[in-house]
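These are the structures, in C-alpha coordinates.
In what comes next, chain A is part of two complexes: it sits with chain B in the first one and with chain C in the second one.
Moving on, here comes the complex of A and B:
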(Lines of atoms letter the chains of each structure in order from A and count residues from 1; the text may use other names and numbers.)
(Lines give C-alpha, C1' and ligand atoms only; values in the text may rest on other atoms or scores of the structure.)
Protein backbone atom coordinates (compact mmCIF):
# COMPACT_ATOMS: atom_id res chain seq x y z
CA UNK A 1 0.00 0.00 0.00
CA UNK A 2 1.28 3.43 -0.86
CA UNK A 3 -0.82 6.53 -0.45
CA UNK A 4 -0.56 10.24 0.04
CA UNK A 5 -3.09 12.43 1.80
CA UNK A 6 -3.22 16.15 2.35
CA UNK A 7 -5.25 17.37 5.30
CA UNK A 8 -6.05 20.79 6.73
CA UNK A 9 -4.38 21.94 9.93
CA UNK A 10 -6.83 20.74 12.53
CA UNK A 11 -7.03 17.86 14.97
CA UNK A 12 -10.35 16.58 13.69
CA UNK A 13 -8.90 16.00 10.23
CA UNK A 14 -5.79 14.47 11.78
CA UNK A 15 -7.79 12.07 13.93
CA UNK A 16 -9.90 11.03 10.96
CA UNK A 17 -6.78 10.42 8.89
CA UNK A 18 -5.20 8.33 11.66
CA UNK A 19 -8.33 6.21 12.05
CA UNK A 20 -8.71 5.67 8.31
CA UNK A 21 -5.05 4.92 7.79
CA UNK A 22 -4.76 2.36 10.59
CA UNK A 23 -7.92 0.70 9.33
CA UNK A 24 -6.30 -0.02 5.97
CA UNK A 25 -5.87 -3.67 5.02
CA UNK A 26 -2.05 -3.85 5.12
CA UNK A 27 -2.09 -3.00 8.83
CA UNK A 28 -4.25 -6.05 9.59
CA UNK A 29 -1.16 -8.25 9.73
CA UNK A 30 0.59 -6.07 12.30
CA UNK A 31 0.57 -7.07 15.97
CA UNK A 32 -1.33 -5.11 18.60
CA UNK A 33 1.88 -3.71 20.15
CA UNK A 34 3.10 -2.63 16.71
CA UNK A 35 -0.20 -0.93 15.94
CA UNK A 36 -0.19 0.74 19.37
CA UNK A 37 3.29 2.07 18.62
CA UNK A 38 2.37 3.29 15.13
CA UNK A 39 -0.80 5.00 16.38
CA UNK A 40 1.09 6.71 19.17
CA UNK A 41 3.87 7.96 16.90
CA UNK A 42 1.41 9.01 14.18
CA UNK A 43 -0.72 10.97 16.64
CA UNK A 44 2.33 12.66 18.15
CA UNK A 45 3.69 13.50 14.70
CA UNK A 46 0.39 14.97 13.55
CA UNK A 47 -0.01 16.95 16.78
CA UNK A 48 3.48 18.39 16.34
CA UNK A 49 2.77 19.28 12.71
CA UNK A 50 -0.42 21.10 13.69
CA UNK A 51 0.78 22.83 16.83
CA UNK A 52 4.48 23.48 16.39
CA UNK A 53 4.86 23.20 12.60
CA UNK A 54 1.87 24.98 11.12
CA UNK A 55 1.11 26.77 14.41
CA UNK A 56 -2.57 25.88 13.96
CA UNK A 57 -2.76 28.09 10.86
CA UNK A 58 -5.90 26.94 8.99
CA UNK A 59 -4.40 28.27 5.75
CA UNK A 60 -1.66 25.66 5.87
CA UNK A 61 -1.90 21.96 5.23
CA UNK A 62 -0.18 18.74 6.27
CA UNK A 63 0.91 16.02 3.88
CA UNK A 64 1.00 12.42 5.05
CA UNK A 65 2.55 9.68 2.96
CA UNK A 66 2.17 6.08 4.05
CA UNK A 67 3.95 3.08 2.61
CA UNK A 68 2.99 -0.18 4.26
CA UNK A 69 3.97 -3.69 3.27
CA UNK A 70 4.59 -7.03 4.95
CA UNK A 71 7.97 -5.92 6.26
CA UNK A 72 7.50 -2.40 7.55
CA UNK A 73 5.36 0.69 7.73
CA UNK A 74 6.81 4.06 6.79
CA UNK A 75 4.80 7.18 7.48
CA UNK A 76 6.06 10.61 6.49
CA UNK A 77 4.43 13.73 7.89
CA UNK A 78 5.29 17.09 6.34
CA UNK A 79 4.05 20.47 7.54
CA UNK A 80 4.43 23.95 6.07
CA UNK A 81 6.20 25.41 9.06
CA UNK A 82 9.70 26.80 9.32
CA UNK A 83 11.03 23.57 10.78
CA UNK A 84 13.09 23.00 13.90
CA UNK A 85 16.31 21.46 15.12
CA UNK A 86 15.41 18.14 16.79
CA UNK A 87 18.75 18.05 18.60
CA UNK A 88 17.88 21.05 20.76
CA UNK A 89 14.77 19.52 22.30
CA UNK A 90 15.58 18.90 25.98
CA UNK A 91 15.45 15.38 27.36
CA UNK A 92 12.10 15.15 29.19
CA UNK A 93 13.32 12.28 31.38
CA UNK A 94 16.06 14.15 33.23
CA UNK A 95 15.08 15.12 36.76
CA UNK A 96 14.71 18.86 36.12
CA UNK A 97 12.30 18.27 33.20
CA UNK A 98 10.34 15.41 34.69
CA UNK A 99 7.39 17.51 35.80
CA UNK A 100 7.25 19.84 32.82
CA UNK A 101 3.87 19.40 31.13
CA UNK A 102 5.23 19.24 27.57
CA UNK A 103 8.16 18.04 25.47
CA UNK A 104 7.60 14.27 25.40
CA UNK A 105 6.23 13.76 21.88
CA UNK A 106 9.49 13.25 20.00
CA UNK A 107 10.93 11.09 22.76
CA UNK A 108 7.87 8.84 22.62
CA UNK A 109 8.10 8.60 18.83
CA UNK A 110 11.75 7.55 19.10
CA UNK A 111 10.94 5.03 21.84
CA UNK A 112 8.14 3.32 19.96
CA UNK A 113 9.36 3.38 16.37
CA UNK A 114 12.35 1.55 14.90
CA UNK A 115 13.52 4.69 13.19
CA UNK A 116 12.57 8.38 13.36
CA UNK A 117 14.19 10.74 10.89
CA UNK A 118 13.77 14.46 10.28
CA UNK A 119 14.62 16.27 7.09
CA UNK A 120 17.25 19.01 7.17
CA UNK A 121 14.72 21.81 7.46
CA UNK A 122 12.94 20.03 10.29
CA UNK A 123 9.43 20.27 8.87
CA UNK A 124 9.19 16.61 7.93
CA UNK A 125 9.37 13.49 10.07
CA UNK A 126 9.66 9.94 8.79
CA UNK A 127 8.44 7.20 11.08
CA UNK A 128 9.45 3.61 10.39
CA UNK A 129 8.14 0.54 12.19
CA UNK A 130 9.20 -2.95 11.21
CA UNK A 131 6.47 -5.56 11.38
CA UNK A 132 8.50 -8.28 13.04
CA UNK B 1 -26.33 20.92 18.59
CA UNK B 2 -23.62 21.71 21.12
CA UNK B 3 -20.88 19.12 21.37
CA UNK B 4 -20.78 17.14 24.61
CA UNK B 5 -17.63 17.33 26.74
CA UNK B 6 -15.71 14.06 27.14
CA UNK B 7 -17.46 11.75 29.58
CA UNK B 8 -16.15 11.27 33.08
CA UNK B 9 -17.79 9.01 35.65
CA UNK B 10 -17.34 10.88 38.93
CA UNK B 11 -18.34 9.41 42.27
CA UNK B 12 -17.53 10.13 45.89
CA UNK B 13 -16.16 7.31 48.00
CA UNK B 14 -15.69 8.47 51.57
CA UNK B 15 -14.41 11.89 50.59
CA UNK B 16 -12.30 10.62 47.68
CA UNK B 17 -13.38 11.74 44.22
CA UNK B 18 -13.16 8.70 41.97
CA UNK B 19 -13.01 9.64 38.31
CA UNK B 20 -13.48 6.97 35.69
CA UNK B 21 -12.10 8.20 32.38
CA UNK B 22 -14.67 6.94 29.90
CA UNK B 23 -12.78 7.73 26.70
CA UNK B 24 -10.76 4.95 25.07
CA UNK B 25 -8.57 7.44 23.24
CA UNK B 26 -7.25 10.51 25.06
CA UNK B 27 -5.23 11.94 22.24
CA UNK B 28 -6.30 15.26 20.80
CA UNK B 29 -6.30 18.70 22.35
CA UNK B 30 -10.07 19.01 22.26
CA UNK B 31 -10.68 15.81 24.23
CA UNK B 32 -7.86 16.62 26.64
CA UNK B 33 -9.10 20.17 27.15
CA UNK B 34 -12.63 18.88 27.85
CA UNK B 35 -11.33 16.40 30.42
CA UNK B 36 -8.90 18.82 32.05
CA UNK B 37 -11.55 21.51 32.53
CA UNK B 38 -13.71 19.07 34.46
CA UNK B 39 -10.80 17.74 36.52
CA UNK B 40 -9.36 21.17 37.32
CA UNK B 41 -12.83 22.31 38.45
CA UNK B 42 -13.15 19.24 40.64
CA UNK B 43 -9.85 20.01 42.35
CA UNK B 44 -10.50 23.75 42.61
CA UNK B 45 -13.73 23.10 44.48
CA UNK B 46 -12.06 21.25 47.36
CA UNK B 47 -9.59 21.83 50.16
CA UNK B 48 -6.96 19.07 50.24
CA UNK B 49 -8.58 17.26 47.30
CA UNK B 50 -8.29 13.50 47.23
CA UNK B 51 -8.70 12.14 43.76
CA UNK B 52 -8.43 8.77 42.04
CA UNK B 53 -8.22 8.56 38.26
CA UNK B 54 -9.34 5.20 36.93
CA UNK B 55 -7.89 4.34 33.51
CA UNK B 56 -9.81 1.11 33.03
CA UNK B 57 -11.32 2.24 29.70
CA UNK B 58 -8.23 4.05 28.38
CA UNK B 59 -6.45 2.32 25.52
CA UNK B 60 -4.49 5.20 24.01
CA UNK B 61 -2.94 8.36 25.43
CA UNK B 62 -0.84 11.12 23.94
CA UNK B 63 1.98 13.17 25.43
CA UNK B 64 -0.49 16.07 25.77
CA UNK B 65 -2.65 13.88 28.02
CA UNK B 66 0.43 13.20 30.17
CA UNK B 67 0.95 16.96 30.37
CA UNK B 68 -2.62 17.40 31.58
CA UNK B 69 -2.01 14.82 34.34
CA UNK B 70 1.15 16.62 35.43
CA UNK B 71 -0.70 19.94 35.69
CA UNK B 72 -3.54 18.30 37.62
CA UNK B 73 -1.06 16.62 39.97
CA UNK B 74 0.62 19.96 40.68
CA UNK B 75 -2.71 21.58 41.48
CA UNK B 76 -3.62 18.73 43.82
CA UNK B 77 -0.28 18.98 45.63
CA UNK B 78 -0.52 22.78 45.88
CA UNK B 79 -3.70 22.24 47.87
CA UNK B 80 -2.10 19.54 50.02
CA UNK B 81 -4.25 16.95 48.34
CA UNK B 82 -3.52 13.46 47.17
CA UNK B 83 -3.88 11.87 43.75
CA UNK B 84 -3.68 8.24 42.71
CA UNK B 85 -3.97 6.56 39.30
CA UNK B 86 -5.24 3.02 38.86
CA UNK B 87 -6.25 0.27 36.42
CA UNK B 88 -3.65 1.29 33.87
CA UNK B 89 -3.25 -1.39 31.24
CA UNK B 90 0.29 -2.62 30.51
CA UNK B 91 0.62 -0.85 27.16
CA UNK B 92 -0.23 2.51 28.75
CA UNK B 93 1.88 1.80 31.84
CA UNK B 94 4.84 1.38 29.52
CA UNK B 95 4.34 4.99 28.36
CA UNK B 96 4.57 6.10 32.00
CA UNK B 97 7.75 4.05 32.45
CA UNK B 98 9.41 5.37 29.27
CA UNK B 99 8.69 8.95 30.35
CA UNK B 100 9.61 8.17 33.99
CA UNK B 101 6.21 9.48 35.04
CA UNK B 102 5.66 6.27 36.98
CA UNK B 103 8.12 7.89 39.42
CA UNK B 104 6.07 11.09 39.61
CA UNK B 105 2.58 9.61 39.97
CA UNK B 106 1.47 7.07 42.52
CA UNK B 107 -0.01 4.23 40.49
CA UNK B 108 -2.15 1.53 42.11
CA UNK B 109 -3.23 -1.78 40.66
CA UNK B 110 -6.94 -1.34 41.26
CA UNK B 111 -9.53 1.20 42.29
CA UNK B 112 -10.01 -0.13 45.82
CA UNK B 113 -6.33 0.21 46.73
CA UNK B 114 -6.14 3.62 45.04
CA UNK B 115 -9.12 4.88 47.06
CA UNK B 116 -7.62 3.45 50.24
CA UNK B 117 -4.30 5.22 49.61
CA UNK B 118 -5.91 8.49 48.60
CA UNK B 119 -8.09 8.46 51.70
CA UNK B 120 -5.31 7.69 54.17
CA UNK B 121 -3.98 10.57 56.23
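Moving on, here comes the complex of A and C:
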Protein backbone atom coordinates (compact mmCIF):
# COMPACT_ATOMS: atom_id res chain seq x y z
CA UNK A 1 0.00 0.00 0.00
CA UNK A 2 1.34 3.41 -0.94
CA UNK A 3 -0.58 6.58 -0.27
CA UNK A 4 0.04 10.32 -0.39
CA UNK A 5 -2.12 12.89 1.34
CA UNK A 6 -1.93 16.65 1.66
CA UNK A 7 -3.60 18.31 4.65
CA UNK A 8 -3.98 21.88 5.88
CA UNK A 9 -1.98 23.05 8.89
CA UNK A 10 -4.24 22.24 11.80
CA UNK A 11 -4.46 19.61 14.51
CA UNK A 12 -7.94 18.37 13.54
CA UNK A 13 -6.85 17.62 9.98
CA UNK A 14 -3.71 15.92 11.29
CA UNK A 15 -5.70 13.80 13.72
CA UNK A 16 -8.11 12.76 10.98
CA UNK A 17 -5.26 11.82 8.70
CA UNK A 18 -3.63 9.74 11.42
CA UNK A 19 -6.89 7.91 12.10
CA UNK A 20 -7.50 7.23 8.41
CA UNK A 21 -3.98 5.99 7.88
CA UNK A 22 -4.14 3.65 10.85
CA UNK A 23 -7.53 2.36 9.68
CA UNK A 24 -6.69 1.92 6.01
CA UNK A 25 -3.11 0.71 5.95
CA UNK A 26 -2.51 -3.05 5.89
CA UNK A 27 -1.01 -3.44 9.35
CA UNK A 28 -1.88 -7.14 9.57
CA UNK A 29 0.87 -8.94 11.46
CA UNK A 30 2.22 -5.81 13.13
CA UNK A 31 2.39 -6.16 16.92
CA UNK A 32 0.49 -3.86 19.27
CA UNK A 33 3.75 -2.26 20.49
CA UNK A 34 4.73 -1.62 16.84
CA UNK A 35 1.35 -0.03 16.13
CA UNK A 36 1.62 2.09 19.28
CA UNK A 37 5.04 3.24 18.09
CA UNK A 38 3.79 4.09 14.60
CA UNK A 39 0.83 6.00 15.98
CA UNK A 40 3.03 7.90 18.43
CA UNK A 41 5.67 8.81 15.85
CA UNK A 42 3.02 9.85 13.33
CA UNK A 43 1.36 12.17 15.86
CA UNK A 44 4.70 13.61 16.95
CA UNK A 45 5.79 14.22 13.38
CA UNK A 46 2.50 15.89 12.48
CA UNK A 47 2.52 18.05 15.61
CA UNK A 48 6.07 19.18 14.84
CA UNK A 49 5.15 19.97 11.24
CA UNK A 50 2.21 22.08 12.38
CA UNK A 51 3.81 23.92 15.30
CA UNK A 52 7.49 24.18 14.47
CA UNK A 53 7.54 23.66 10.70
CA UNK A 54 4.59 25.61 9.37
CA UNK A 55 4.26 27.62 12.61
CA UNK A 56 0.49 27.03 12.52
CA UNK A 57 0.19 29.06 9.30
CA UNK A 58 -3.19 28.02 7.78
CA UNK A 59 -1.91 29.04 4.34
CA UNK A 60 0.66 26.25 4.38
CA UNK A 61 0.11 22.53 3.96
CA UNK A 62 1.65 19.26 5.09
CA UNK A 63 2.32 16.31 2.82
CA UNK A 64 2.28 12.79 4.23
CA UNK A 65 3.41 9.75 2.24
CA UNK A 66 2.84 6.32 3.72
CA UNK A 67 4.11 3.02 2.41
CA UNK A 68 3.13 -0.07 4.37
CA UNK A 69 3.91 -3.66 3.43
CA UNK A 70 4.63 -6.96 5.12
CA UNK A 71 8.16 -5.90 6.02
CA UNK A 72 7.92 -2.33 7.25
CA UNK A 73 5.97 0.90 7.46
CA UNK A 74 7.55 4.05 6.09
CA UNK A 75 5.93 7.43 6.74
CA UNK A 76 7.33 10.66 5.35
CA UNK A 77 6.04 14.00 6.65
CA UNK A 78 6.97 17.20 4.82
CA UNK A 79 6.08 20.72 5.90
CA UNK A 80 6.59 24.07 4.17
CA UNK A 81 8.71 25.59 6.93
CA UNK A 82 12.30 26.75 6.81
CA UNK A 83 13.53 23.54 8.42
CA UNK A 84 15.72 23.05 11.46
CA UNK A 85 18.89 21.35 12.62
CA UNK A 86 17.87 18.18 14.52
CA UNK A 87 21.24 17.96 16.25
CA UNK A 88 20.67 21.13 18.28
CA UNK A 89 17.48 19.98 20.03
CA UNK A 90 18.11 19.74 23.81
CA UNK A 91 17.83 16.31 25.42
CA UNK A 92 14.43 16.32 27.20
CA UNK A 93 15.44 13.45 29.49
CA UNK A 94 18.18 15.26 31.41
CA UNK A 95 17.18 16.47 34.87
CA UNK A 96 17.12 20.18 34.03
CA UNK A 97 14.68 19.61 31.14
CA UNK A 98 12.27 17.16 32.78
CA UNK A 99 9.79 19.86 33.78
CA UNK A 100 9.65 21.47 30.34
CA UNK A 101 6.17 20.86 28.89
CA UNK A 102 7.46 20.44 25.33
CA UNK A 103 10.50 19.22 23.39
CA UNK A 104 9.97 15.44 23.54
CA UNK A 105 8.68 14.75 20.03
CA UNK A 106 11.92 14.00 18.23
CA UNK A 107 13.30 11.96 21.12
CA UNK A 108 10.13 9.83 21.12
CA UNK A 109 10.25 9.32 17.36
CA UNK A 110 13.84 8.14 17.67
CA UNK A 111 13.08 5.92 20.66
CA UNK A 112 10.06 4.18 19.15
CA UNK A 113 10.91 3.88 15.47
CA UNK A 114 13.65 1.79 13.88
CA UNK A 115 14.88 4.63 11.74
CA UNK A 116 14.29 8.40 11.75
CA UNK A 117 15.84 10.53 9.03
CA UNK A 118 15.60 14.24 8.26
CA UNK A 119 16.32 15.82 4.91
CA UNK A 120 19.12 18.35 4.64
CA UNK A 121 16.80 21.34 4.95
CA UNK A 122 15.13 19.85 8.01
CA UNK A 123 11.52 20.21 6.83
CA UNK A 124 10.97 16.52 6.12
CA UNK A 125 11.15 13.51 8.42
CA UNK A 126 11.12 9.90 7.32
CA UNK A 127 9.94 7.37 9.89
CA UNK A 128 10.50 3.64 9.47
CA UNK A 129 9.15 0.81 11.61
CA UNK A 130 9.89 -2.78 10.75
CA UNK A 131 7.15 -5.33 11.32
CA UNK A 132 9.30 -7.87 13.09
CA UNK B 1 -10.11 -2.84 13.74
CA UNK B 2 -8.60 -1.30 16.82
CA UNK B 3 -5.07 -0.11 16.33
CA UNK B 4 -3.09 0.55 19.50
CA UNK B 5 -6.16 1.44 21.55
CA UNK B 6 -7.89 4.48 20.11
CA UNK B 7 -10.79 4.67 22.50
CA UNK B 8 -12.67 7.98 22.83
CA UNK B 9 -11.13 10.53 25.19
CA UNK B 10 -12.98 11.26 28.39
CA UNK B 11 -12.25 13.05 31.66
CA UNK B 12 -14.09 12.42 34.93
CA UNK B 13 -13.28 14.45 38.02
CA UNK B 14 -14.15 13.45 41.57
CA UNK B 15 -13.18 14.66 45.04
CA UNK B 16 -11.75 12.37 47.65
CA UNK B 17 -11.33 14.41 50.81
CA UNK B 18 -9.24 17.40 49.77
CA UNK B 19 -7.69 15.59 46.80
CA UNK B 20 -8.88 15.81 43.21
CA UNK B 21 -9.11 12.51 41.35
CA UNK B 22 -9.09 12.77 37.58
CA UNK B 23 -9.90 9.63 35.63
CA UNK B 24 -8.46 9.90 32.13
CA UNK B 25 -9.97 7.46 29.65
CA UNK B 26 -9.21 6.71 26.02
CA UNK B 27 -6.58 8.43 23.92
CA UNK B 28 -4.89 11.77 24.58
CA UNK B 29 -3.87 12.75 21.06
CA UNK B 30 -2.81 16.05 19.54
CA UNK B 31 -6.44 17.21 19.56
CA UNK B 32 -7.19 16.40 23.21
CA UNK B 33 -4.00 17.63 24.86
CA UNK B 34 -5.28 21.21 25.23
CA UNK B 35 -8.46 19.98 26.88
CA UNK B 36 -6.42 17.95 29.37
CA UNK B 37 -4.09 20.87 30.05
CA UNK B 38 -6.98 23.24 30.68
CA UNK B 39 -8.72 20.80 33.02
CA UNK B 40 -5.58 20.11 35.06
CA UNK B 41 -4.59 23.76 35.31
CA UNK B 42 -8.11 24.68 36.46
CA UNK B 43 -8.04 21.96 39.10
CA UNK B 44 -4.58 23.04 40.23
CA UNK B 45 -5.93 26.57 40.67
CA UNK B 46 -8.24 25.17 43.36
CA UNK B 47 -5.12 24.41 45.44
CA UNK B 48 -5.85 20.75 46.09
CA UNK B 49 -2.79 19.34 47.88
CA UNK B 50 -2.82 16.24 45.68
CA UNK B 51 -4.12 15.75 42.17
CA UNK B 52 -4.45 12.05 41.39
CA UNK B 53 -4.56 11.07 37.72
CA UNK B 54 -6.10 7.63 37.29
CA UNK B 55 -4.60 6.38 34.01
CA UNK B 56 -5.89 2.80 34.14
CA UNK B 57 -8.21 3.38 31.17
CA UNK B 58 -5.94 5.67 29.15
CA UNK B 59 -4.63 3.72 26.15
CA UNK B 60 -2.48 6.38 24.47
CA UNK B 61 -0.85 9.74 25.12
CA UNK B 62 1.34 11.86 22.85
CA UNK B 63 4.03 14.28 23.96
CA UNK B 64 1.55 17.18 23.95
CA UNK B 65 -0.53 15.21 26.44
CA UNK B 66 2.54 14.60 28.59
CA UNK B 67 3.15 18.35 28.41
CA UNK B 68 -0.39 18.93 29.69
CA UNK B 69 0.31 16.77 32.75
CA UNK B 70 3.58 18.63 33.34
CA UNK B 71 1.72 21.96 33.11
CA UNK B 72 -0.68 20.72 35.79
CA UNK B 73 2.28 19.64 37.91
CA UNK B 74 3.91 23.07 37.60
CA UNK B 75 0.66 24.81 38.61
CA UNK B 76 0.26 22.45 41.58
CA UNK B 77 3.76 23.17 42.74
CA UNK B 78 2.88 26.84 43.21
CA UNK B 79 0.98 25.80 46.32
CA UNK B 80 3.26 22.85 47.17
CA UNK B 81 0.78 20.42 45.68
CA UNK B 82 1.61 17.17 43.91
CA UNK B 83 0.44 15.27 40.84
CA UNK B 84 0.36 11.51 41.32
CA UNK B 85 -0.21 8.96 38.57
CA UNK B 86 -2.13 5.74 39.05
CA UNK B 87 -1.84 2.44 37.21
CA UNK B 88 -0.74 3.47 33.71
CA UNK B 89 -1.20 0.73 31.10
CA UNK B 90 2.10 -0.95 30.08
CA UNK B 91 2.65 1.09 26.86
CA UNK B 92 1.99 4.33 28.72
CA UNK B 93 4.21 3.28 31.59
CA UNK B 94 6.97 2.55 29.10
CA UNK B 95 6.44 6.02 27.62
CA UNK B 96 6.76 7.58 31.07
CA UNK B 97 9.97 5.62 31.62
CA UNK B 98 11.39 6.50 28.20
CA UNK B 99 10.83 10.20 28.89
CA UNK B 100 12.10 9.77 32.48
CA UNK B 101 8.91 11.38 33.76
CA UNK B 102 8.78 8.57 36.32
CA UNK B 103 11.38 10.66 38.13
CA UNK B 104 9.01 13.63 38.22
CA UNK B 105 5.82 11.84 39.20
CA UNK B 106 5.00 9.24 41.79
CA UNK B 107 3.34 6.20 40.23
CA UNK B 108 0.90 4.22 42.35
CA UNK B 109 -0.96 0.96 41.91
CA UNK B 110 -4.34 2.29 42.99
CA UNK B 111 -6.17 5.54 43.64
CA UNK B 112 -6.45 4.60 47.32
CA UNK B 113 -2.67 4.33 47.61
CA UNK B 114 -2.20 7.66 45.86
CA UNK B 115 -4.53 9.60 48.14
CA UNK B 116 -2.86 11.57 50.93
CA UNK B 117 -3.10 10.12 54.41
CA UNK B 118 -5.75 11.82 56.51
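Quick notes on this structure:
By our rule, the second predicted complex is superposed on the first by the 131 of 132 C-alpha atoms of A that agree within 3 Å, B and C clash if a C-alpha of one lies under 4 Å from a C-alpha of the other, contacts with A are read in each partner's own complex, and residues count from 1 in each chain.
Note that a contact is a pair of C-beta atoms (placed from the backbone, for glycine too) under 8 Å apart; a residue touches a chain by one contact, two chains touch by 3 or more.
Remember, it's a predicted structure, so these values are computed and weren't measured experimentally.
Superposition model on chain A: chain B and chain C are shown in a clashing arrangement. In the superposition on chain A, A:27 contacts chain C only, with no contact to chain B.
Applying the stated contact rule after C-alpha superposition, one finds that A:101 touches each of chain B and chain C. In the superposed model, more residues of chain A are touched by C than by the other of chain B and chain C.
In the superposition on chain A, contact is made by A:39 with both chain B and chain C. In the overlay built on the shared chain, the residue A:11 is in contact with chain B and with chain C.
Touch criterion met: A:93 reaches chain B and chain C at once. Shared contact residues on chain A (touching chain B in one structure, chain C in the other): 11-12, 14-15, 32-33, 36, 39-40, 43-44, 47, 92-93, 98-102, 104-105, 107-108, 111. Listed in rising order, the residues of chain C touching chain A in the complex are 1, 3-6, 29-31, 60, 62-64, 66-68, 70-71, 73-74, 91, 95, 98-101, 103-104. Against chain B, the residues of chain A that register as touching in their complex are 11-12, 14-15, 32-33, 36, 39-40, 43-44, 47, 51, 92-93, 98-105, 107-108, 111.
Of all residues in chain B, those touching chain A in their complex are 27-30, 60, 62-64, 66-68, 70-71, 73-74, 91, 95, 98-101, 103-104. In the complex of the two chains, the chain A residues touching chain C come out as 11-12, 14-15, 18-19, 22-23, 27, 32-33, 35-36, 38-40, 43-44, 46-47, 92-93, 95, 98-102, 104-105, 107-108, 111-112.
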